[in-house]
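Chain IDs A, B, C and D follow the sequence of writing; residue 1 opens each chain.
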Amino acid sequence: MVHTIIDDLGALLLFTMILIVAAGQIYRAIYAVAAQSLLIAIAGGVLARATGNVDLWVIAGVTLVVKATLLPWVLHWVVKRMNVRREVEPVIPVAATLALAVVIVVVSFQLSASLGPVRQAITGNALPVGITLTLTGVLVMATRKTALTQMVGLFASENGIFFTAMAVTRGMPLIIEIGVILDVILAALVMTIMVLRVRSTVDADIADLDRLKG
Amino acid sequence: MIGERPLGLVLLEMILLVLLGPLVTGIIQKIKARLQCRQGAGVVQPYRDLTKLLRKGTVQADTASAFFRFIPVLVLAATVAAGALVPVIRAGPPAVPLGDALLLLGLLALARFLTAIGALDAGGAFGGMGASREMTIAPLVEPVLMMVVFSTAIAAGTTELGALAAHHGTSSIVAWRAADFLGLAAMLLLLPAETGRIPVDNPDTHLELTMLHEGMLLEHSGPGLGCMVLASHMRQIVTLGLVAALFFPAGPADAAGAADLLLGAGVFAAKILVLATYLALVESSYAKLRLFRVPQYLGVGFVCALTALALRIL
Amino acid sequence: MDVDSGPSLMAACYGAGALSSLLLARWSGRFALAVGHLAALAGAVAGVGVSLGVLLGVPGRTLTQPLPVFFPFARLSLSVDGLSAYFLFVISLVAIAAAIYGPAYLRAHSPDAGSARQAAQGFALNVFLGCMAFVCCAGDALTFLFCWEGMTLASYVLVVSDDRDGENARAGLLYMVMAHGGTALLLVAFLALAERSGAFDFAALRMAAGDLDPATRTTLFFLALGGFAVKAGVVPLHVWLPRAHPAAPSHVSALMSGVMLKVAIYGILRFAFDLLAPVAGPLPFSWGWTVLFVGTTSAVLGVLYALQQHDLKRLLAFHSVENIGIILIGVGLAMILWRQEGADGALATLALTAALLHTVNHAAFKGLLFLGAGSVLCRTHVRDMEKLGGLARRMPWTAGLFLLGAIAISALPPLNGFVSEWLTFQALLGGASRFHGPAGLVVVFSAAMLALTGGLAAACFAKAFGVTFLGRPRTSHAEHATEAPPSMIAGMMWLGALCVALGVAPGYAVRLLDAPTAGLLQGPGASAVVTARGPLVLSTALTPTGTAISMTMVAGLLIALAAIAWVLRRGLQPDKWRVVPTWTCGMKPTARFDYTATAFAKPLRLVFAALYHPRREVTRETAGTPYVVQRIHYAGEIVDLAETQIYHRVTREISAFSQAIRARSTGRIYGYIGFVLGALFVALLLFGVRHP
Amino acid sequence: MAETLLWVLPLVPTVTALLMVTTRDRRILSALDVGGSTVLLALTLVLAREVAAGGPRALGFLRVDDLGIVFLLLLVVLTLAVSIYTVGWIKQALEVGNMKAEFLWSYFALVHAFVATMVVTVLADNLGVLWIAMEGTTITSAVLVGYHGHHHGLEAAWKYIIVTTIGISFGLFGTVLVYAAAAAAGVQGSAGALSWSAIMQVAPTLDPGIVRIGFIFVMVGYGTKAGLAPMHLWLPDAHSQAPTPVSALLSGVLIKCALLGIIRFQTIAAAACGPAFPAQVLLVFGLTSVVVATPFILAQHDIKRLLGYHSVEHVGIVALGLGFGGPVGTYGALLHVVNHGITKALAFFAAGNAIARYGSRDMRTIRGMLTVAPIGATLLVLAALSLAGVPPFSIFVSELTVLRAGIGHGHWVTIAIFLVMVVIIFAGLLHHVGAMVFGEPTAAATREPEAWSPLFGMMLLAAIMLLLGLTIPASFDGLLRRAAAIIGD
C-alpha cells in the first residue's frame, strides 16, 4: 500500500524534475522546485502515517515550511530584487539535457535493480528515484549559466536525498535531519549574499566569472 | 723453459739500438736516392748531422717556458727506454721485468706527447700545426697497433715481447696462418705512420702543408734538436724491432755463446735491413696523402688487424 | 686508537664542521670557513685511519656498528667491510686535498662573498663529505638512501652557491632532477628487496635475494644499475655532469668528479657482487656484458666530447665520463668472468683489481687537474682556454702539477694512469683468450677502443695544457696572472705525490685491494694475483710465461737516461745561448699566431664529424673586392647527441603538452560541476554494479 | 576526564570566536587568537595521552579514537602555527590595506569557527554529525575564501561553495544509503544506526550492494571536498584566493578532514564488500589525482595555485597509500597526512612571505629572493624540497612507506606511473622555486628586513618537518600503528 503511494509520488517527483530541466524561465524552475518540495512533504506525511514515526511528521512539516515556501520565496525575491534576465541560459541545448536526464533515469533504475532486494532497507522505488533526482539536479547545475538556476538545481538534488532518507525504514534520526536542513538554509543564505555582493560590486552574474583557470 | 735474457744483455741491446738508429735512417735515405737515380749522401750522414748539432749553440724562443729545455732530454730518454724493451739478439723474456709491448707503446706515446708539448711551448703557428696533426694521427694508429699486438699475444697469452718471440720462435713463414699474414699486412700499413714517413708524413721537408713531425722540431736547435733527431732515429729502429719481434722472431732463443750472439745480431740486422728497404720502396713509390685521407688509409689497417684477430679467436 | 670508534669520530668531525661553519659565520665568515675546512680535514684523516685499519687489519673483518633507532620500521647500522673501507679510503684521500685547498680558493675566487654564502659553503662541504663517507659505510638500505640523497643535496647546494649566475641554477636543476630520477630507481630496487626480507639491513636483503627468480633478480639489477649509472654519468645519462661539475667551486668539482662518481661504482659493485649475487654460480649473462658495453661507450664518447671543449673545467668533467667508462670496463669484465667455469678466480680478480686501482688513480689525477684548473680560475677568472695562454711562466707550480696530472690521465708511463690501464688491458687480453667466438671479439674490440681512448686523451691534454699554459697570453686576464697561494699549491702537491707514488710503486696500493677483492669475489686476493713477484713488480700469471712490468725500474731507467742525455747536452754545448722571438716567417710574432684550442682540435673534429655534427659559420668583411679581407669572424660549435636527441626533445614535448592542457582548461563553474557529475557517473558504472 | 574533554574541545574555539566579537584592538585579537590555539593544543595533548592510556572514549555523538587523535593533532598544531604566523601577517596586511581594521574581529572569529567545525568533524562518531560538521566547514571557509571581497575572491568562493556543496550532498546520499543498510541490518536505536562504531559492529552483515553504491557516493562526495581529481577543479581557485593563513588551514587540514570521512566509510565498505573494492576505488582516484596534477604544476605561474595543485597530488598519494592497504600502506598514508599537512602549511607561509615582499603572486616577477630575504628563501627551498620528497625531510619517509606498500602488493604499473610523475613534478617544482630563489632580485622586491613572528611560525613547522624526516618518535609511531590497525584490521 505504502509502496504504491511512494512509487506514485516518485513518478510525480520525476515529472517535476523534468519540468525543472525543461524550464525555459527561471520562475518556472522555482515553482517546479517548490512543487517538488511539496511532494516530498506529502511523502513524509504518508510514510509517517504508515510507520507511525512521529519524527517524520516533524520533518514533513519542516520541509513544507523551509523548502516548499521559504527557499523558493527567497529565490523569487532575489530574482525580483536584482533585475537579472528571466531566461535560464543553457550551456547545451535543453533537448540534450533532457536526453542526458533520460540516460540518468535508465542507469539509476538499472543500478538499483542490480542490487537485488533492497525492499527491507528502502521503501519502494525511493532509491532509484532519489538517485535520479540527485544526479539530475546536479545535471541542471552543470548545464545552466546563471547562479540562481544553479541554486535551484542544488535544492532539487537535495530533495532527492531527502526523499530517499525518508523512505529508509524508520526514517533518519530527527536531530540529524534538522541539522541538515539548517545547513541547507545557511548555505543558501551565504550563496544569496555572494550573488547579491557580486551583482552590486561588478555588475555580473557570479556564475559567469571565469578569470581563475588552469 | 726458455732462457731469460740477463740485464746486461738487455742494456747491451739498448745501446746497440741507439748506435744503429741513425744508420738505418742513412740506409733508407741511400736506397731512396738510388731509387731516384741520385748519388745521395753516404749512409753515415745522420751521424755527421748529429755531431754537428751537438756542437752547435742553442737559440731559444723568448716565449718558451722553463719546460722547453727539458723536453728534448725527456723525449730522448723515453724513446731510448722504449728501446730497452725490444728483444734484439735473443728471444726469451728478460730477467728483469722490462719487455712488455704495451709499456713500449706507452713510452713511445710519452715521447710523442712531450714532443707536442714542446712544440706548443714556443707558441708559433708551425709548432701548433705539427702538434695538432701529430696528435690527430697518433690516436688512430695506437688502437690498430694494439690490435696487432693482441693478435699475436692472444695465442701466447702474454704481451712480453721476448716471450712472444720465444713462443713464435719455432714457427717460420711456412707455418704461418692467415691471421699472421693479415697482422703483418696491418703492421706494414702502419709502419710509415709510426716512423713518420710517406705516405703519412714527410721527414724531408718543413713545408707546412705536408709536415707533421718535423713541424714540431722547428723551434728546437743545437743539442736540443740533436736529441730530438736522435730520438726520431731511435723511434724508427724501435718500431722496426717491434715488427721483427712480433712477426719474424728468428734467432736462437736459448743461445748463450758469443757465436750465437753474433749470429742473432746478424739476423736482426738482416731483418731491419729488409724492413728499411720496404720503407724506402714505399716512400719513393707513393705520394704523400692529404691529412684527411690518412684516416681512411689507417682504416684499411684497422680492418686487417680486426680480421686477423677474428681469425685468431673464432 | 681503536678502529671501532673511527666512524663516530668521523661523524663528529664532519658534524662539528657543519655546525661551526653555520654558527661562526655570523661572527666572521673567513673564520667560519677556516674552521669548517679544518674539521673536514680532521674528518678525512679519521676516514683514512678507519679505512687503513680495516684494510690492513684482520683479513675478512667487518666493522659493524648499530645506529640509534631513528625509524621503528628499520634497524639502522654501519658496516665497514673491505669494499666500503677501500672507497672510504679513496674519498678521504681527495677530501684531504680539498680541505687544504678550499679556504684559500674560496677567498681568492669570490672575495666579496657574504658571510651567509660562506656559511652555506662550509656547511654543505662537511655534509657532502660526511654523506659520501657514510654512503660507503652504510649497513642498511635506509642509511644508504639518506646519505645518498644527502650527498646529492649538499653538492647541489655547493653548485648553486658558487655564484649568483643563472647558469649555475640551471645546471643544479638538471643535476638534481636526474639524480632524483636515479634515486627513484634505487628506491624501487631496495624496497623490492626490503619487502621480501621485511627488514632494511644489508644482511637481510642478501638473504632475501638468495631465493629470487632469475627474471626478478635481473630486473632489480638493471633498476639499480640505472640508478647508479645516472650518478656515475654513464653515456647517455651523463648530460648533467659536464654542466654541474664545472659550476661548483673547484675543490668541490674535484670531489664531485674524483670521488662522488666512485660512490656510484661502489653501489654497482655492492649490488652486483654482494646483495644480488646468486648464492652459487656465475652472474647472469646479461649483467656483465651490459656493463662492459656501456663502459666502452662512455669511455670513447666521453673523451671524444672532451676533446672539443674549450672550457677547461667542462673538458675535465667530460674526462670523468671517460674514466668512469674505463672503470666500468674492468667491473664488467670481472662480472663476466666471476665464477665462470673454465676461468679460475685469478682473471676476475685481475679485472676487479684493475677497476679498483683505476678508481683511486682517477680520483688522484682528476682531483689534481681540477685543483689546477681551480687555481687558474681564481687567478684569471676565466674558464675559456682561448682567453688564456702563457701561464706556465706566470704560475710555474700550478703548470708543473697540471702537466703531471695531464701525463697521468693520458695513461702514459711512468705515472699511475698507465698502471691501471695496463692492468685493464691484461684483463681484457685474458678475457679475449678465454672466450672464443664473437664474445672474445667484443672483448678485444673494447680493448682497441680503450687504446683509442688513451690516444685521444693524450691529444686532448696536449691541447688543454698547451693552450692554457704555453705560448703567449691571449688576454690581459692571463697576462696579469700570478701564482696561486701556497695552501692551494700544497693541496695539489698532495695529490701530485699520490699520482707519482701510485705510478712508481703501485704494488703497495695493491695490498690495500686484497680485502675488497678477496671479500667480494671469495677468490684470491689482489696481491696474490698481481704482485706475486714482489711489491715492485706487477705481473699477471695468466700463463706460465706471464707478463710482468716494474714501474719502479722503468722510472729509474727514465731518470738515468734523462740524466745521461742532460749531461750529453750540457757537456758538449759551448755556452752559446741566444733568446730570440719565435720564427714566424719573419713577421712580428703576436699571440694571434698561436694555435688556438679550436684549431688544435679541428682535424679530429673533422675525422669524427659524424659524431659531432659540427656547425660552423664564417662571416668575412671584405673591402669592396673579395680578395681584400678586412675581418673574418668564425663561430663553431658541436652538439652532444644525447643532449639534443633525447633530453631537449623530451623536455620540449612535456612542457608543450602541459601548456596545451593548461590552455584548454576552462574556468567556468558548470565545467567543474560537470566533472564532478561525470566522475560520479563513471564511478557508478565502473564499480557500482556487483562484479560476479 | 577524557569524556569531558570531548565536549570541551569543540567549545574552546567556539568560545574564542565569540570572545573575538568583544574587541576591535588588533593586539588583543592576536593575543586571543594565539591563546585560544595554545589552549586547544594543550587540551588535545592531554586527550591524546588519555586515549593512548585508556583507549577510545565516546560521548553521545562524539567519539575519539587513535585515528581521530592523529588528525586532531595535525589540526591543533597547524592552528597554533597559523595563529603565530597571523600575528605578523595581519599587521602587514593592514599596512598594505588588504584588511580593514574595523572588520578584523570577524576574520578572527570566522577562523576559529572554522576550526571548531573541523574539530567536530574529527571527533564525530555519528556519520550524520560528521556530515553536518563537514558542511559547516564548507560554509565558514567559503566566507573566509571570499574574505578579501574583490571579485576574484568571490568567484573562488562561489566555485568553492557550490562544487563542494554538491560533493557534500553526494556524501549525504551515501550516508543515507549506509544508514539504510545499517538500519536493515537491525542496529538498535535510530541514532545508533548512524554511529560509526555501532555500524562497525555489524558491518560484515550489511547489504554489500547498498554499501557499495553508498561508498561510491561518499568517495566522490567527500573526495570533492578532499580535492581528489577530477573533482579537484575548485581547489586551486579557493586555495590561491584565500588569505594565506586560511590557505594553510585549507590545504593542511581541511582536505585531510574530508579524507577522514572517506576513511570512516572505507572501513565500513571494506568490512561489508571485502577490502578489495574500496581499495580499487581509492587507487583509481589516487592515481588520477597524481597524474592530473602534473601538467598543471609544470606550466604554472601563480605560486599559490602551484601549491594548490601540489595538494591535489599529495592527497592522491594518501589515497594511493590507503588503496595499497595493509598495515604498511595505511601507516604510510596516515604519516603522509601529517607530513603533508605540516609541510604544505610551511610552503604556504613561505609563499605568503614572498608574495608580500614582491606584491605579486606571479612567479615570473619573484626573483632572487635569496638576496632580499635569505631566511624566508631558505625556508621556501626547504619546504619545496620536502614537498618534492627529498630526504632528510618528512615527506620522503611517508612516500617511501607508501611506495613500499605498493611494491609489497605488486602494483608495479601504478608504482611506475607514480614514480615517473613524482620525478616530473620534482623537476617542475625545483625549476619554479630555483628561479624564484636564485638570480638577481627584480625591482619589485622590497628590501626591508624580515618580520619575526611569521618566521617563528614557519620555523616551528620546519623543525617538526625536519624532525619527522630524521626520526619517528616511539609514541607517535605507536599512535600511528594503532590508528592504522583501526583502519586496516
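Assume contacts are C-beta pairs under 8 Å (C-beta built on N, C-alpha and C of every residue); 3 or more make two chains touch, one makes a residue touch a chain.
The model shown is predicted, which means the values in this text are computed figures rather than measured ones.
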Middle chain, criterion being Cα centroid separation | C
Dist(centroid_CA(chain B), centroid_CA(chain C)) in Å evaluates to 35
Chain-centre distance (mean CA atoms) for chain A and chain C, in whole Å, is 69
Where the CA atoms of chain A average out and where those of chain B average out, how many Å apart are those spots?
-> 99
Chain B to chain D, mean C-alpha position gap in Å, rounds to 78
Got the chain C residues that touch at least 2 other chains?
-> 662, 665, 669, 673, 676, 680, 684, 688, 690
Out of chain D, which residues touch more than one other chain, so two or more?
-> 158-159, 162, 166, 170, 209, 213, 296, 299-300
Multi-chain contact residues (two or more partners), chain B = none
Kindly provide every pair of chains that touch.
-> A-C, A-D, B-C, C-D
Within their complex, chain C touches chain A through residues 662-663, 665-670, 673-674, 676-677, 680-681, 684-685, 688-690
Over in the complex, which chain B residues touch chain C? Could you list them?
-> 2, 54-63, 65-67, 72-74, 76-78, 80-81, 84, 93, 96-98, 100, 102-103, 106-107, 109-110, 112-113, 116-117, 120-129, 131-133, 135-136, 138-147, 150, 153-154, 156-160, 163, 166-167, 218-219, 222-224, 226-227, 291-292, 295, 306, 309-310, 313-314
Which of the residues in chain D come into contact with chain A in the complex?
-> 126, 128-129, 131-132, 135-136, 138-139, 142-143, 146, 149, 151-152, 154-159, 161-162, 165-166, 169-170, 172-173, 176-177, 179-181, 183-184, 190-191, 193-194, 207, 209-210, 213, 236-237, 240-241, 296, 299-300, 305
Would you pull the chain D residues touching chain C in the complex into a rising list?
-> 158-159, 162-163, 166-167, 170, 208-209, 212-213, 216-217, 219-220, 223-224, 230-231, 233-234, 277, 280-281, 284, 294-296, 298-300, 368, 371, 374, 385, 388, 390-392, 396-397, 400-401, 403-404, 407-408, 415, 419, 422-424, 426-427, 430-431, 434-435, 438-440, 470-472, 474, 477
Chain A residues touching chain D - in the complex, by the definition given at the top = 55, 111, 114-116, 118, 120-122, 127, 130-131, 134, 138, 141, 147, 150, 154, 157-158, 160-161, 164-165, 168-173, 175-176, 179-180, 182-183, 186-187, 190-191, 194, 197-198, 201-202, 204, 206-207, 209-212, 214
